[in-house]
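Read through the structures below before going on.
In the two assemblies presented below, chain A is common to both, partnered first by chain B and then by chain C.
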Partner chain A sequence: MTTSTGKAGAMRVGALLLAMPLLLWLFLLVILPHVDLLLVSLRERISYGKYEFSLINYIEFFVEPLYWNTYVRTAVMSLMATVLTLMIGFPVSYYIAKVMRGKGKNVLFLLCLIPFWVSELVRTFGWMILLRESGVISNFLQWAGIADGPIEMLYNDATIMVGLVYTSMLFMVVPLVSVLDSLDDSLIEAGYDLGGNAFTVTRDIVIPHAMPGIASGCIVVFMLTLGNYLTPNLLGGKDSLWFTEQIYTQFITRFNWESGSAFGFLLLVLSSLIVWIGLKLSRQTLSETVS
Partner chain B sequence: MADQFDLECRDVVKKFDAFTAVDSISIAIPKGSFFSILGPSGCGKTTLLRMLAGFQAPTSGDILINGSSVLGVPPNRRPVNMVFQHLALFPMMNVAENVAYGLKRRGVDRSTIEKKVNDTLARVGLPDSGPKQISQLSGGQKQRIAIARCLVLEPAVLLLDEPLGALDLKLREHMKVELKQLQNEIGTTFVYITHDQSEALVMSDQVAVMNAGRFEQVGAPQDLYYSPQTAFVAGFVGESNRWKGTVGKTQGDQIVINLPTGGSVVASRVVHPELSEGQTVDVFVRPEAIAIDGQGKTDNAIGAKVENVLFNGAASSVQVRDSATGHEMTVALPQTGAFANLKAGDTVNLTWAAEQTRCFAKSEKQGAAA
Partner chain C sequence: MSKKHGALRGSLLGLTALAGMVMLGQTAQAEELRLLTWGGYVPDDVVAEFEAETGIDVEVTLSNNEEMISKLRATGGGGFDLAQPSQDRIASAQLEHNIYKPIDLSKIDASLFIPSMLEATKANTTLDGEVYGVPQIWGTDGLVLNTAEASTVKDYIDLCSDEVAGKVSYRLRRPTLIAFAFSMGMDPFAAYNDEAAYQEILDKVEAKLIECKPNVKTYWEGSDSLLNLIRSGEVVAAMAWDAGGWTLNNDNPDMNFVAPSSGALGWVDTFAIPRKAENEEAAYKWINFVMKPEIAARITAASSYYTASNGASSLLDEAQRKQFETSFPQEALDNINWYPPVPAGLEAIEGKTLDRVKAAQSN
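Entry: the complex of A and B
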């Protein structure tokens, strides 16, 4: 009896030690900062070094239309970017996973990956070189006689959207390719054999099968987009009104950590809420999506 | 005449680059029959079936269903349905939805669908399984649902691509009988492809033996077994002892085939009028045609030593070595239990009639196939 409990105890210690890096990471880098963020967001600076508990930071967010509008706008734009990425990424993934065979498949997959070898900053500057007033496309249009003068294609919502979709594409394509790869070709053939056409086979067989991949791709893309700072800032300029910019302003420009913390927390609530609604609507569970 | 055949192939050829997978195949499958295509893997039988289903287009030739050409008709418009090798039931739907899938695609109204689905499920012996998930079914049940899913559409021809391959032995034996009965009851034409000769022989009205893209022989299972027309068929269908030899002298109605090892085998002139002296031939004798210490015809008589007793109930056999030539042979044991105490090292006298010896003149192609 004693030996068996001793053994079980040793096992438990071993398991704990094995889990230690994960637990430390979770605690130090996820839980601790968020607890601190929450605490900081719930206080008000009375005078130098003197704080009091208060909801003022949250109240400020709800009464100031600029914050509130930016918040909603960021959520809507992120959702749109996610949907667009899915709509472009799905056919691409289907083509890579089901239509291409052998070597071409790997080459195409690699082509999706290659842009991600350079940093997001460089990729975004690439877009700026193409799209700015004195950029490649503007010059080409003038040279071809299509435009009379220089055209500014930066600093509008469409450009932000292009940048976000481009930045997110890989994170949609990878889970989709892997889930579509696992779809047995004979299921698709059976769908056709029994009278289905391209549309019904996609709707009834391919999409239900790909649902976990769609959900996980969408979650990752949505979260990345919502928390993106570089792309909206560089491509959208001053008017981009992205919520992460508000947080940045609070922390860095206004040195108002209390307000910045509150905004950070609200962003976390927003992304959690929308992901939860998305999972409920698609009848997926988080564990299914991750596996 | 044409309407007696559900399915007809005329000189169908399929080439993949330089490789010819299916080489000018012509068949006409009579209405309501169980037709099997039997061949080793890589012989082109799956390619042929996929052309019938419409997943691949023939390089040349014509395929007719119900008397009209279906070239260029996509799979979803052909009156044939296919049971896939791994069944390809839709895991995202329950049993009833799987069976209803094809009817829904045809735009049949809801109440008719429900009635037909229930009828079909009852016909395959699973009347109450509609709400079940696919993962809840056993292997045999999945099989029946896969067939039900096709039958509900009342196809002119049902194509089956080795659907029994994934089942365990016991269930496979059981499903063989069940499939044959089912086909008898519903009367739909079945085209069944398999590499398992026992499946083909047990179930089929007609079997085509396929090798290297061609039909070697088409006939009733009995024909294939008792009068194979090529060396490949003789070797592929059923067990055989096999020698290479040279045709020697004819004595009366007997031909002597000389083996390179010094022995000889006697064949019948009546069975093989085509053989001429000096020809190189493949010689086949079925293990069950050979009698041990028997009284029957003794055209061929060999003294042999038992090397191995392979006891397998009714299908028991012994491996023996010809004392004179050193050839290894397999001989079936009679099911009477007469030789139940035969053991390794015993000496036996083997005899068989000249008519039981089958010879096939060697050609390049058959040599390659063997």
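Entry: the complex of A and C
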């Protein structure tokens, strides 16, 4: 008896040691900072260096329409960006996975990847050079006689949307290509043989098969967009209003770590909630999507 | 931070110590000065000369007032040996976060400083009888104009006029609130210690800034991006620092810094020593080095920023002195509104105002 329990114990210690890097990483870099953030968000500054427990930071968020509006706006725009990315990314992925053959396929896939070899900052500046009033597109339109004077295309919501979709395209295309690759061509052919047209085949065969890829692509894109700081800030200019910006401002320029932490938690709740609703609506489970 | 974070603190400290031990092996030999400063304050040739003279490596981190305080607050005053916050932001930050240590005035050569500026800065950064800052660089906020296209702009409030619609830029930070308040005939500094009166001023400024928003091309963040906007002609009038205007003036005589009729806003950036500075000696050496008139004059020549170094201005070349006198005739110089120390808590109400301006729809 004693030897067998000893053996099991040793096994357990071994497993624990193996899992240690993961556990340490989870605890020190994910759980611990979040617990600290939660504690900070639940206190109120009374006077110099004196703090007390309070819900004021959360109440503030709901009372001040400004924060609430930014929050909703960020969520809605992120959802729109996700849908747009899916609508553009799906045909692209289908073309790469099902229509192209051999070398051309790899070349196209690589073309999708190449912009991501430079950092997001550089890509965003690229868009700014194209779209600004004295930029490439504005000058071209004037040269071609389409526009009379310089046109400002930066600093509005449409530009933010372009930037967001562009930034997240790869994260939609990669899972879609891999899931569409696994779809047997004969299933599509059978669909046509049985009298289906392009629409019904896509609806009844391709999309149901691609659902896990669509779900995981959408989750990643949505999370990235919701948590994006650079693109809305640079392309949106004076009207950008992104919730992450609000968090940055609270932490850095207002020295208000308390409300910054509260906002951080609210953003976490929002993204979890929307992803959960999305999974429920598409009847996917998280484990299915991740695998 | 109170006691309830003790456990978290402890484990984080443990992790930091571990990382520290790894680092220790590599960096023990070279003496280093970690400087937290602004863009343009430390020209490369000055750093090279200091390194040659003292053998101390200078590691420069560029920042701004808010980031400096936030960074030092996050580490409890560690990570840097010398910081350069503005004089009006020291006392409240020290009181609130305890991030600096007092300056040992015996280690500083007071004769290197313009006496009036040294005394004023010492007075504004004194807390419980200890001095926390000595001046290095001063300058003003005012108007940077492309005079060929924005000759009608004389004061901050003119940035909202139709003549320059869509071609205006300013920062969405506290100096803009103060500037517009002065320009609208109010005195925000007089209301610094009266929160209700200050709020009233802020409300009027907020209404004005929201009304003015369609005029704005974008709120600028870094001075380089602003200078590019003006150079390309996308912006013809901006509220910005004087040095930026003079830099533009060197390339294009139409562009210049203009002191607004309600008075330029004068700031002084200081030397302050973070509480957990590791190489204080190097910090004092650096202060006494860059305040030498010939070094200070070189910094001004390279960046257009004026220094508090005594005697540096006589070493400047004629063109630069002329530039200064064109922007600042004697009455404009007398008209400068110098920032008094910011009382703690004021920034919280200003923050709300700035947030609301940012959130307002402009079209």
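Criterion: the second predicted complex is superposed on the first by the 288 of 291 C-alpha atoms of A that agree within 3 Å, B and C clash if a C-alpha of one lies under 4 Å from a C-alpha of the other, contacts with A are read in each partner's own complex, and residues count from 1 in each chain.
What we mean here is this: a residue touches a chain if its C-beta (ideal position, glycine included) is under 8 Å from a C-beta of that chain, and two chains touch if they have at least 3 such contacts.
This one's a predicted model, so the numbers in the text were calculated from it and none came from an experiment.
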item: Three-chain arrangement built on chain A, chain B and chain C clash or fit; value: fit
item: Chain B versus chain C as contact partner of A:237, first or second or both or neither; value: second
item: Touching partner for A:187 - first (chain B), second (chain C), both, neither; value: first
item: First (chain B), second (chain C), both or neither touched by A:51; value: second
item: Which of chain B and chain C A:282 touches, first, second, both or neither; value: neither
item: Touched partner set for A:251, first chain B, second chain C, both or neither; value: second
item: Angular separation of chain B and chain C about chain A, which is computed from CA centres of the superposed model and rounded to the nearest 10 °; value: 150
item: Residue contacts with chain A in the superposition, chain B compared against chain C; value: C
item: Touching partner for A:178 - first (chain B), second (chain C), both, neither; value: neither
item: Per-pair minimum CA distance [chain C against chain B, superposed on A] in Å; value: 47
item: Those residues of chain A which chain B touches in one complex and chain C touches in the other; value: none
item: Complex contacts: residues of chain C adjacent to chain A; value: 1-2, 4-5, 8, 11-12, 15, 66-67, 69-70, 73, 95-98, 166, 172-173, 213, 216-219, 232-234, 344, 347-348, 351-352, 355-356, 358-359, 361-362
item: Complex contact set, residues of chain A against chain C; value: 28, 32, 35-36, 39, 48-49, 51, 64, 66-67, 69-70, 132-134, 152, 154-155, 237-239, 241, 246, 249-256
item: Residues of chain B that touch chain A when the two form their complex; value: 53-55, 74-76, 81-82, 84-86, 88, 90-93, 101-102, 105-106, 149-150, 153
item: Contact set on chain A toward chain B in their complex; value: 184, 186-187, 189-197, 200, 204-205, 208-209
